[in-house]
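Think of it as A, B, C, D and E in the order they're written, each chain with its own count starting at 1.
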Amino acid sequence: MDRLVFEAAAAVTIVFAALMVLSRNPVHSVLSLVVAFFSLAICYVLLFAPFIAVIQVIVYAGAILVLFLFVLMLLNVGRERPEKTGHPIQTLLSGVGIVLFAGFLLSTLRQSVTSAPRALAGEPNVLGKPEALAREFFGGYLLHFEAVSVLLLAALVGAFVLARRESHREPRG
Amino acid sequence: MIGTIPLAEVLIVSGALFCIGLCGALLRRNAIQIFLSIELMMNSANLALLGYGASLGTREGQVVVFFVIAIAAAEAAVGLAIFVALFRHTETIDVNRINLLKW
Amino acid sequence: MGIQRLLAEHLLTVLIFLPLAGAALLLLVPRSAEGLTKAAALGVATLECLLSLPLWWHFDAAQRGFQFRESVPWVPPLGISYLLGIDGISLVLVLLTTILTPVALLFSLTHVEKEVRGFSIAFLILETGMLGSLVALDLALFYVFWEVMLVPMYFIIGIWGGNRRIYAAMKFFLFTMAGSLLMFLAILYVAIRHHAATGAWSFALEDLYRLTFTGSTAVILFAAFALAFAIKVPVFPLHTWLPDAHTEAPTAGSIILAGVLLKLGVYGYLRFALPLFPGPALRYAPWLGVLGVIGVIYGAMVAFAQHDMKRLVAYSSVSHLGLVVIGVGAFTSVSLQGSILQMVNHGLSTGALFLLVGVLYERRHTREISAYGGVAGIVPVTTALFVIATLSSIGLPGLNGFVGEFLILLGTWSSAHRWWSVAAATGVILSAIYMLTLVQRVFWNPVTHEENRKLPEIRVSEFVAAAVLVVLMVWIGVRPNDVLDRLRVSVENLRESVAAKQLAEASASGGAQPARVDAGSGAP
Amino acid sequence: MTGLALWVIPILPLAGFALNGLLGTRLGKTFVSAVGVGSAGLATVAAYSRLIPYLSAGGGTPQIEVYGSWIVAGPLSIDLSFRLDPLSALMLSFVTFVGFLIHLYSVGYMHHDETDAGYARYFAYLNLFLFAMLTLVLAESFPLMFVGWEGVGLCSYLLVGYYYDREYAAAAGKKAFVVNRIGDFGFLLGMFGIFTTFGSLNYAEVFGKAAASPSQYQPALTLICLCLFVGAVGKSAQVPLYVWLPDAMAGPTPVSALIHAATMVTAGVYMVTRCNVLFRLAPGAMAVVAGIGAFTAIFAGTIAVAQNDIKKVLAYSTVSQLGYMFLACGVGAYVAGMFHVMTHAFFKACLFLGSGSVIHAMGGEQDMRKMGGLKAKLPVTFWTFLIATLAIAGIPPLAGFFSKDAILAGAFESGGFHLLWAVGLFTAGLTAFYMFRLVSLTFFGRFRGTHEQEHHLHESPPSMTVPLIVLAILSIVGGWVGLPAVFGENANVFARFLAPILPGIKGVEEHAALPHATEWLLMVVSVIVAACGLLLAWSWYVKGEGRTPARIAASSPGLYALVADKFRIDELYDVLFVKPFYWLARTLWKVVDVLLIDGVLNAGAFVVELTGDLLRFLQTGNARNYALTFLLGLVALLLVVAGWI
Amino acid sequence: MNGTFVQMSQADWLSILPEVALATTGCVILLLEAFAPGLRRWFATLALAGVAASLYFLLAAPQGTTFDGRFETSGLTALMGLFLGGSAAVAILVAKPYLERTHDEKGEFYALLLWGHLGVSLMVRGLDLLIVFIGLEVLSLSFYVLAAYFRGIEASSEAGLKYFLTGAFASAFTLYGIVLLFGASGGTRIAGLAQEGLAGRPAVILGVLLLLVGFGFKMSLAPFHAWAPDVYQGMPTPAVLYLSIAPKGASVLVLFRVLAAIFQPELPDRFHAAVAALAVLSMTLGNVVALAQRDAKRLLAYSGIAHMGYVTIALAVFGREALAAAIVYFFAYLVSNAGAFAAVSALYRDESKPHPVAMLAGEGRRARFAAGVFALCLFSLAGIPATAGFIGKFFVFKAALERGMYALAIIGVLNSLVSIGYYLKVVYILYMRDPIEAEAPPPLAFADRLALAICAAGIFVVGIFPASLWNLARSAAATLPLPGP
């Protein structure tokens, strides 16, 4: 049962991911990616990560992609002109590269096995308990947590620096 | 096995997503779409993480995913800001047309 | 710690770093005070020269091995040490250096206009480099000085040189680098082998002498060393940097280039390549000799074809150094002493030639031979000096050149390779041809260019500079023993150690019998 | 050691050279002449102060003086040492004396037509030459001799090129030096050979060993001797290296007299004689020497017949006479050779100085066709010249007669169907002919020059005539020291004196002297031949005023032109050696250096640069390509690690 | 599950202080920027103080691992901290006059620089791939912004875009690599990778390769270098200065850590081959293409690519001596490259224009000090003895020869021959050409002068007395489980 749902969700994800890549119109891409992320969130749930699934929906599908939409609107870049995406050689090489890499990646992943699973504490879905996760964050992953806070701060300031209008300086260049 | 889902399957899906993202990153010209593709690649990593974590029966996978999402968010913020800043000069975010610096 | 003790116990260190200190001192002189700068530089160089004389007096000609040793650990974890010392071979070259530098600077007193301070500084640093590589007994230390030398010379050619100076400077730098980089690897490898063999790191020459290399390893290592030095000498096919560098360099630069830098190639070969890898060195000595022969004849022929005075002299250097190489290749005690003496001779005569060509150039600003002619009557003193230098360069008996040539040819004749000597002796004819042609076309013949009629005569400073060299030419020509006595033991020492080591190698490589070291030491 | 040390003798002119060279220009002509002539004179005095006691002691044992060691390297050890033995004594005696005379003569000759600087230069060179020549003859070892050997070469270079602002003079000087260098090349190799064979370069040792055990060194010797002889050929202007001597006449006449007649050019003969021990052990080499000598004698003589430049005639005559001397050495008549060296020094110097005096009077004119009838105007010159001419022609009882006769005798003994003798004899005739032709054209007949030349004609000053007279006297009596054996066993003082320089060698027997009858016969024949030559010249040029030769010349113009052009040997050499050499030099430079070596290197550098320039364009500026290269790099790595590459 | 939620020992605190110092300084500067912009001219000093403080804390911190084995404080991190601190300090020194020239002195610049520095130091000290990754991202984000710092200059924005896109792309790979290793080892700790039989697994190999390319990207190692020239050209020079030095060192260290953990005792041949190939490619491509560069910053970018090739030789040699050599090399690279960029920043007047080398013609006689140090740095980069650069190459080649990798060494020296070609080209343009710029460059600011002096001194100190540095490096290298004495 789980498995069927997972496979269905995965299929949807893949399809919409493909759409995202294929559609010329960026807005379409964003929207299809939203769908993809939703279905991905379903997969997360099935992998005992309800909390992550929630975040996925809120942060990704919600915040980030919406942000993308805003920017798209702001710059109102329409659909790519149908001119060829680049030099044929370039496309060819990309194709070759991707195919080879995909081959390696998938073959590796197919045969990749994990070391013997540990006995789960109670039933599987204990894994994703937010409280338990919180303990991790403020326990063993405290350092990471702090680091990420700096990261976000930097991102914040950075975004501010870049987005701020040219105010008190003569334009240059 | 995670419940009834075989790990390999999860990983294959993640791998597939990664490759799709790769295609987008390489073949699209619109910077935003490229970036979207990269986001997709990161998500594929997340999927794999959760798969591994679940099959290992450890929470670490989810913890990592959490951080990854945070990172991705931060990247998105900065990235979009950069796009905007550049757009002010070039009126485009088509990477084929953005080659003032070369050679 | 009186100054005397410093001089007594650390004379070599003082000699190496005095010019450097002088260079630093010059930084304090205001850039505008050009006269002062020049004077100061000259003063330092002269002081250096005076300080180097005690080496000459106190050198114990009878003692084997190195003298005036100094040893201070430098990079202990790698056994690199600040290890100095000289034997007869380095002694004469050190003095040649300390004498030629002030001479060059003396000439420059009146002939460097732009960037005087930079020029003087570069020159002093250059002297440090040359002296350092002459007295260093630690391979790493040697390599450092050896390379450091390039930089000031690069600037001297590149900034104060002639029209194609940049090309020449680049060529000079790249050529030399090309050789020495491989040598650098070889040095590293040798040291590593020493570490592997003894468990202790050391770059000290005498420690590394003890290693024996066999088979292809030895050959490759030797090749790496030999290439570096062959380029510097320069040996025949690798010589093309020389004409450009010598021609484009400012006169003082040419003097030092021809006078000292080339010698470092031969010196390096004798000090490092040969004793470290006697097997290959002697096995391939014939090739060396052949290249030397080619160099002698080829250099002379090409020199004859030149119509640029400096270029002609430059090619004559190729020819002369070829002779030196033959002497080294023959490796008899006579030919070796001859080669070393000939290095000094070449330094003096070619130095003087470049100097006097410079005298003319500075007045007419052309090096074209055809632009002169018949100036003997207008500048008799210059003419006289030039003729003397020429005679010394073509080996007229009674002047220094002859003794060197004679010893090399005689020593080679009495070695296994008699025909080299025969072939090289033709150089006696060829050198006369091209040098006398030069003299005739520049100094004799009717005056064809009016502007030559008011050619100013040589200046006092220039005259003194040239005179010093002339005096030395005569002195060595009449009393060569003063030099030879100091070389004898060192050369014998070299040959014996090589012979001994070669036997060791032979036994190590399984009794392949060694090539003859003392191929007829000249004794009947 | 008796009296002054030998080194004093050469040092004196050296001092003169230094003094004149450094200060001469400032101190004026009188000072210069004083120093120049003075040092030469002092040298002469010094020399004779050593010679007289030595001679009076009857010569014999050589006196060797070692002043210290010059070059010591490995087994090689060369001393600074001089040697006084009959041979060097002989050379010393006339080198100093003739040298002095010519210094004296130069005072007059050079006095007015030179600036102070030039004058000083001239005497400095002349002194330097004297120094070098003395070193050459006194040296006790080959290298030291080589010092003098090249020293005289240098002076010859400087003095021939004395008028440096005349291109031909400068060129002639260079030619002289270079050709000499070719000889020195041989000399050097010879020395090396000697050293490796005998382990020493000192005469005493080398000759001692050679004489002691000849067989031991046999094989090497021929080669060594040939090498040495190459040196001699160069220095003494023998075929094929004689070409420099005629050009060398570009120098001032006294120089020609001193260097290119009396002293330097005979150095070769001296050297061969000095090494007679070696040569006598190498019959092959001897034969070559004789052959070259004979050929040169007749060859140069022939050329001399057709020359019109007074000095050229004398030059070729010198070459021919030198050939005579080598002929003597070649047939083993070393004494005769040296004898001729001496007498030749007298009369040829006299002739040159005479010609100098003539040229002087003619205001620099050297073409005999523009002279004539000078005997009235220049009596002293004429008479001295005539005497010298008779002497060289070999008219008894003048010096030339005896020396030449001795050589012919030697040649006659040497067998080989007396071919060499015949050649020598014919040459004697030639000599007589062209010399008298010279005299006739110059002194007899009517004056053919311009008017102001005629007006200026005058006898030279005493400083010039005195040497002429002295030399003329010597040309007469010089030969009497070497009367042939027919005048009594001990008549030949000269031979007895020189005997010690021909040490006996084990296994080499001295050939017996000729029977008196034969010797008489030979003398008569040679005198007749000489006389014929004289008379022929007389009848053609004085009586017939040169019609006959003109007719002959006209009858076979090609031949005449060829002879007049000295058989175009210079042109031949130019085509054979000079031009190819120059061409080769240029080609080596342009092709090997510029094209090949630098070409390859620059090409390499260029290729690298080019690669850079091309690769540079991979940097398209398109971010997607950067991502692409990234991916491709990754894939490549994967392939490597997976082992597919 | 005890009462207090946050579990953090004092050791943890002490060990994290250096980073805290940096973060705080950044925040303070930011606040001052917001509320007391008048204090701007003190920002640089403040930033320097921050760097100094963090360095002090780093050296003072007790040795050992903290945050239950995820964070390291050791001789190694101390030495690397010194290296990073040095580059940060020079960057700040250069930044002050630079920003004044461009009328752009804002607190954010220093703040971002400091945070980026923080990220790098996390990379160096993290024993947990996740920490390393976060550090990497902190660095990247800060420098994406710094690259695009001049909003007014298109080139700058473009540099930002390119750096961002390629950087994000690369970190996606890095991340996936981490994931694969996570899957194999069941955790993110590097130490966890040292398990039996892990090295053989395809997933691990792939993971390691992904890390290799990811960090190779940061090192601007060919063929992952393509971003560097463009970004260097558009980015503010002081930022480039830092970016071209510190992150590369950190990345190499991370790679050493990971490889050392996984492959014991020796690098598998195929891996060795792969790394060696990268080294050769990077050296050759960097040097050859540098010959063709006209722009000073691009030229230095390619020279940097080439130098990373030399360092990668050490990685290929793999071993304690090699790591030590790499560390020494980085110190040499620090003084030389920092000096070069400092000189570039001082010698060019207008940031809105490119920096053609030809414009420097004759500056050797006008801007004597700057040009002199520039030349010195170039000689050092070329590896002329008695300069730091020579020492770096010396040890790297020594390591290579000791392990019998002659080909690498020979290719290396041949490459440095090529490199001399373009380094000397700059030198002769500086000294042997006549000026084309009408007026002499403005007098050197004190900070610039100081920075240049420091670099020059460093070049000679390292170049002439390398012994102590070498000893430090060797003892530091001993902290990794690498083969070797």
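Keep this in mind: a residue touches a chain if its C-beta (ideal position, glycine included) is under 8 Å from a C-beta of that chain, and two chains touch if they have at least 3 such contacts.
Predicted model only: the values in this text are computed from it and were never measured.
Common neighbours of subunit B and subunit E under the contact rule above are A, D.
Across A-B and C-E, it is A-B that has more C-beta pairs touching. Taking the mean of all protein Cα atoms as the centre, the chain whose own Cα mean lies nearest is C.
With centres defined as mean CA coordinates, subunit D is found 99 Å away from subunit B.
Measuring from the averaged C-alpha position of subunit C to that of subunit D gives a distance of 38 Å. Subunit A and subunit C have centres, each the mean of its CA atoms, that are 70 Å apart.
With centres taken as mean Cα positions, subunit C sits 66 Å from subunit B.
Taken residue by residue, subunit C touches two or more other chains at 174, whereas all remaining positions touch fewer.
Shown for subunit B are the residues that touch two or more other chains, namely 11, 18, 21-22, 25-26, 29, 34, 48, 51-52, 56, 58, 60-61, 67, 71, 74-75, 78, 81-83, 85, 89, 93, 95-96, 98, 100-102.
In subunit D, 605, 616, 619, 621-625, 627-628, 631-632, 634, 638, 642 are the positions where the chain touches two or more neighbouring chains simultaneously.
All chain pairs in contact, by the document's touch criterion: A-B, A-D, A-E, B-D, B-E, C-D, C-E, D-E. Those residues of subunit A lying in contact with subunit B across their complex are 1-3, 6-7, 10, 13-14, 17-18, 20-21, 26, 29-30, 33, 36-37, 40, 43-44, 46-49, 51-52, 55-56, 59-60, 63-64, 67-68, 71-72, 74-75, 77, 80, 85-86, 91, 94, 97-98, 101-102, 105-106, 109-115, 117-120, 124, 127-128, 132-133, 136-137, 141, 144, 148, 151-152, 154-156, 158-159, 162-163, 173.
Contact residues on subunit A toward subunit E in their complex (touch as defined above): 104-105, 107-109, 111-112, 114-115, 134-135, 138-144, 146-148, 150-151, 153-155, 157-162, 164, 166, 169, 171-173.
Within the complex, the subunit A residues that touch subunit D are 86, 90, 93-94, 97-98, 100-101, 104.
The residues of subunit D lying in touch with subunit C in their complex are 25, 69-76, 117, 143, 146-147, 149-151, 154, 157, 161, 164-167, 169-171, 173-174, 177-178, 181-182, 184-185, 188-189, 191-193, 195-199, 581-582, 584-586, 588-590, 592-593, 597-598, 601, 605. Residue ranges of subunit B in contact with subunit D, taken from their complex: 22, 25-26, 29, 34, 95-96, 98-103.
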